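Chains here go by letter, A, B, C and D, matching the order in which they are written, and residues are numbered from 1 within each.
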Amino acid sequence: MPDLGTVVRDIAEEMRLAPDRGTVASYIPQLAKVDASHFGICVIDADGQYHTGGDADVPFSIQSVSKVFTLTMALGTEGDQLWKRVGREPSGNAFNSIVQLERENGIPRNPFINAGAIVVSDVILGGHRPSEAIGAILTFVRDLADDETIIIDPAVAKSETATGYRNIALANYMRSFGNLRHEPELTLGVYFHQCAIAMTCRQLATATQFLAHDGLNPASGRRVVSTERARRIGALMLTCGHYDGSGDFAFHVGIPGKSGVGGGIIAVVPGKASIAVWSPGLNAVGNSQLGALALERLTRAMNWSVFAA
Amino acid sequence: MPDLGTVVRDIAEEMRLAPDRGTVASYIPQLAKVDASHFGICVIDADGQYHTGGDADVPFSIQSVSKVFTLTMALGTEGDQLWKRVGREPSGNAFNSIVQLERENGIPRNPFINAGAIVVSDVILGGHRPSEAIGAILTFVRDLADDETIIIDPAVAKSETATGYRNIALANYMRSFGNLRHEPELTLGVYFHQCAIAMTCRQLATATQFLAHDGLNPASGRRVVSTERARRIGALMLTCGHYDGSGDFAFHVGIPGKSGVGGGIIAVVPGKASIAVWSPGLNAVGNSQLGALALERLTRAMNWSVFAA
Amino acid sequence: MPDLGTVVRDIAEEMRLAPDRGTVASYIPQLAKVDASHFGICVIDADGQYHTGGDADVPFSIQSVSKVFTLTMALGTEGDQLWKRVGREPSGNAFNSIVQLERENGIPRNPFINAGAIVVSDVILGGHRPSEAIGAILTFVRDLADDETIIIDPAVAKSETATGYRNIALANYMRSFGNLRHEPELTLGVYFHQCAIAMTCRQLATATQFLAHDGLNPASGRRVVSTERARRIGALMLTCGHYDGSGDFAFHVGIPGKSGVGGGIIAVVPGKASIAVWSPGLNAVGNSQLGALALERLTRAMNWSVFAA
Amino acid sequence: MPDLGTVVRDIAEEMRLAPDRGTVASYIPQLAKVDASHFGICVIDADGQYHTGGDADVPFSIQSVSKVFTLTMALGTEGDQLWKRVGREPSGNAFNSIVQLERENGIPRNPFINAGAIVVSDVILGGHRPSEAIGAILTFVRDLADDETIIIDPAVAKSETATGYRNIALANYMRSFGNLRHEPELTLGVYFHQCAIAMTCRQLATATQFLAHDGLNPASGRRVVSTERARRIGALMLTCGHYDGSGDFAFHVGIPGKSGVGGGIIAVVPGKASIAVWSPGLNAVGNSQLGALALERLTRAMNWSVFAA
C-alpha cells in the first residue's frame, strides 16, 4: 500500500500542471470569475490524519455539494416522509432539466438534482423565515466542519438570486403541482444561500467525515445520523451524486461522491477516508474535470473502491 | 453476527408465506405460466459454503440476469471499445423504452437495459453464426456455474422470438443508426436465446462468485476478469442493474445486483458473498418483488452494505 | 342555404339544453366560479348583420383568445422579426407544457400556446412600463370591438398573478435562454392582464371581423393588417389555435379559430362571417366543449369550410 | 388576375435556375441517385385545363404522397373506426419519430407520419395477402389518375425493404401495443410498395383532383368520397401534411398539401386547382425545398389561399 500523503501530493502536482482543465461555470457571474488554475485536495484517513495538497485551504463556492448536508438535515426533521416528495432514482437528464417534472407530476427524481434540492430546502424552511432556515443550515455545516468561520458569500448569493431563472422556473413549476409548501421566492431564498456557502477542501472533508464512518463523527465522537441513514445517503451519492455522469463516476472512481458547479467534490471511502477536491473547470456534464480525475487517481493508487472484495 | 444459514432459512420461510407477491410477467406466454408461489435463495459465503432456502434448486428463466454474463464476455473480446456503442449511465426510463434512443442517436444508456444488451449480443455475434454465438454464451455460463447441465429452454426462446415486438423494434431502431453490425434478426436470435437460459439459484450464485471476489473464481482459483473490471461491472450493477428501480435498490439493499423479468436477481457482497434469489412476481418497475425484499432482509440481518464503514 | 339567424337561434337552444357541458377551468379561482350553464353565440355575416343567441351579451374572461389580438399587435411593431423568437408549428403538447422549451432552447413552438404568448407580451412590453403596455392592448381591443366599455377584470387579473405558477415557470425558463427581454414579472404583468380582459360574444365577434375580411375592418373601412398578414394569422389559428386539439377542430369545424380557457372561441369564415361563441365548460384538451360543438353545427348547417370547393 | 399558364412557366424557369436546391434524400439508396436538378409542375384549373412546366412528365417516387390515397381507401373500408387507431393531430416531431408512440400507447398522431400510414396500410391489408392489397392500391391510384401505365418501381420497393429499419421499428413497436392486426412484415410489405409507386406531376395532379372538388372527380364526373370526407382530408393535409413543417407550409403557402421524401408535393386550391410539383432536394424537415417555394410563388401570384376572404 503506497503512502497516502505521498499519493495526495503527487496528485496535487499532476493536477497543478494538467493542461486540459475543463470550463469554469459561466451561468453565475461570480463563479465565472474564479481562476481555473486552482486545484485543492484534502483526505482524512481512518486515523483522523489530514493529507492535503494544492489549494486545500482556499475557500470556494460549494454549490451543489451543499445538497448532501441539507438532505441530511431534512431527513432529520422529516424522516422517510421526505420520500413522498422526492424520488431516489438517477434522473437520466441534466441537473437543471425540467422535462422530467412535467412527466412525473412535479416530483423530482432525487434530492441531488436542483429540483430535488429545492424541495429539500422547502422542507428545511418548514414554516420559518428564510433567514432562520439559512442560519440553521450554516450552523449545521459549521458544526460538522468544526469551524465557526464558515460563511455564505454574499456576492455569490446575490448573483444566484439575480440570475437563477432556471431554478425559479423549477420552483414555480413544482409549486404548480403543490410540491412546495411555501411561496417559491421564500424557498429559493434558502436554496440560493445554501449554494453560496464558501468552504475549503479541509473544511469540506471534515464536514463529510460522518458519512465515511456510518454516521458517527470520529473527531467529536458524536453521532450525526444513524448507521442505516449514513449508508443510504452514500447510496444516493453513488447513484445520483454526479447528475448525468453518476454512472461514469461510479465506474471510474468507485466510491460515493457529490459534485458542485463551483468545482468541488466530496467523496467517502467507507471506514477509510473522507475526501474533498476542488478544481473550478467542469466537464460536459457539469462535474469538476480535474476533481473527478484526481479522485480516480487516488482510488486507483490506494486500491479504494466500494466494489472491492 | 447472526448465523447466515439461519438467516437464509428464516427469510425463505417468511417469503414462502408473504401474501403480496407482485405480478408474474405476462408479456411472454411461457413466463406467464410460472407459479407465483415459488421462492428460492442461495448464498455462498466467503468460505465457499452454500446456504440455501426454498426452491433453490428449481430452474427458472434467467432473462435479463444473463446481461451480466454477456457483458462480461463482450468486454473480454471488445474491451473498452464497447463503450463507444453503449453508455454507462442509468436510463431514467423503463427497461424497454425507445425514447432515449431517439434522443441519443441509437446509443443505449447502459448494457443492462434491453437496447444495451442487444448491442452486447451484437458484439458477441461478431461475424459468427447465431448458433455459434449462442453456444459460446452457454459454454461461458456453464463454466462459471461449473455445471454442464444448464440449458436454454426452447419453449421460452421460441416464445420470446414470436412475441418480442418491442425488442425487434429496439434492434431495428439501433440498426437504423448503424449501431448494430448484423441484420437485426441475427442479433436478436442471440439475444432471445440468452434470455431463455434456465438456471437455479444455486447455479446462478455459483456463476456470480467471480464478481464477489475481484474477478477471481474462488472455487476454481481461475481469474475470470481483472480486478478492475470486476469492480466496474459491480458499479454498473449498482447504478443500472434494476432498470428504473436501481436507485431504490441501492438505497434499500445497498449492494450491486441484477434482476430479470423471470423473477431472478443476482447480487454480490464484495469479499463476502455471492447471492441468487428467485420469486416470479414482479413489482411496478419490473423487478422481483419478494426477491428484492429478501435481499433487503438479508443485508440488514448480516449488516452487509458496500456503503458500510 | 338555411337562414343564418334561424340556425344561430336553434344552436343556442340546443346548447342551452345540452347535458354534457364539460368542466369549468379550476386552475384560477375566479374562473372556477363561473356558471357552467352559460352559452352565448354571435355571428356577423358578410353584410355586417349580427345574429345572436343565448348569452351573447354576457361578458366573460377571454383568456387565450387575447393571444390573437396581441399577436396582431406584436406583428405590427416587430414584423417578421418576431418569428426568430417564436415558431409557427403546432406543439404536439398541452397548452402549458414546458418540455418542448427544454428541447428547443427556449423558443416556443407557436404564439398561441402560453409560452409563445408570453414572448409576444414581452415584445409588446418593449421597454415600456407594464401598465402602459396593458393600456395599449386594451385600447387596441376596444378599437377593434368599437366599444370603449371593455375592461380588464381586476379580480381575475389578481387571481392569475397569485396562482400562475406554471406561467411564472415558463417565463423564467425562457428568460434563462435569453428569450425574454424583460424581467419575467414585468412581462407576466402584461400577460396576466391581457388574459383577464372581459368581453361579450358580440364584442369579440366584432373585434375579429378584420380576420374574416383579409385584414380590413368592414364596419370602419379601416385596414388593420395587410391581406397577407390576415391570412397568415388565419393559418396559425387553424394549425395552432386549439392547443393539442387543433387538428381535431380543423377536421370537425373546418375554419380558423382560437379558444380560451374561459370558454370562449373566436372563428372566421373568410369573406363570409366572424363568429364568437362561449360556454365555460372545457373538454379534455382545454377547449370549450359546447363552443366547439356549436361551431361544428354552424359550419355544417351553413356549408362553411375553408376546405370547401 | 395573371395568366395561370404564364405563371406556371415562369415558376418552372425560376426553379430550373435556383442555386439552393436542398438535399436529396439519402436514406434509401435508390432515392439518393436521383438528379437534384429536376423540377416539374402541373396545375389543373377549374376548367380542367392542364398547365405544366419543367419535368412535368418525368416519373418519380411518390413516397409519402401515397399516404393521401391510402388514407382515402382506408376511410372507404373502415370509416370513422379508423380514428380509434390513428389520431388527427400534428405530431410536433419528425416524420419517423418513435418517441410519441411510447408516450401515447402505440397510437400514431396522424395518418401522414410514417407510423400512422403504416396503420393505414394495415387496415387496407385487412386479412388479404400483401400482393392483393398492393394491387388494390395501384388500381385505385391508376383509376384516380386515369392512367393504366402507372407502376411500382421494383428497385425502390426492394431498397425500402432492405433499408427500412426505422419503419420496421415503428411497425413492431405498434404491434407490441396491439395496434397492428397483421405480422409487421406483411403490413410493411404493403407500406414499402405504396411508397415506391412512380408517378409524374401530371398523373399526380390528375389523381388529386377529387380533393379540389369536394370529393368529385371532375373529369369522370364520378364521386370518389363524400363532400365532408374530402374536406376533412383537406384539413388533415393542412394541419399534418408536411410533418414538422406543416405550420410553416400553411403560413407561407396557405393551402392543403402533402409532401414525400421523393421530392413530390400535391396540393389543392378548393374549387380552383389541383397541383403537383416535384424537385428532389429536401429542406431540413424533409419537404421538397423548391417544391414548397414554387407553391408559395404560385399561390401568391394567383392570390390563392384557403384563408382568403
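The working rule: a residue touches a chain if its C-beta (ideal position, glycine included) is under 8 Å from a C-beta of that chain, and two chains touch if they have at least 3 such contacts.
Predicted model, so just to flag it, every value in this text is computed and none were measured.
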Any chain that touches chain D and chain C: none
Cα-centroid distance, chain A relative to chain C, in whole angstrom: 47
Distance between the centres, which are taken as Cα means, of chain B and chain A, whole angstrom: 32
Centroid distance [mean C-alpha coordinates] between chain D and chain A, Å: 55
Two or more partner chains touched - positions in chain B: none
Contact graph of the chains (line, ring, star, complete, other): ring
Interchain contacts, given as pairs of chains that touch: A-B, A-C, B-D, C-D
Touching residues (chain side chain B, partner chain A) in the complex: 87-93, 100, 109-110, 212-214, 227, 230-232, 234-236, 238-240, 244-248, 250-251, 254, 256, 270-271, 305-309
Of all residues in chain A, those that touch chain C in their complex: 97-99, 101-103, 165-166, 168-173, 175-176, 184
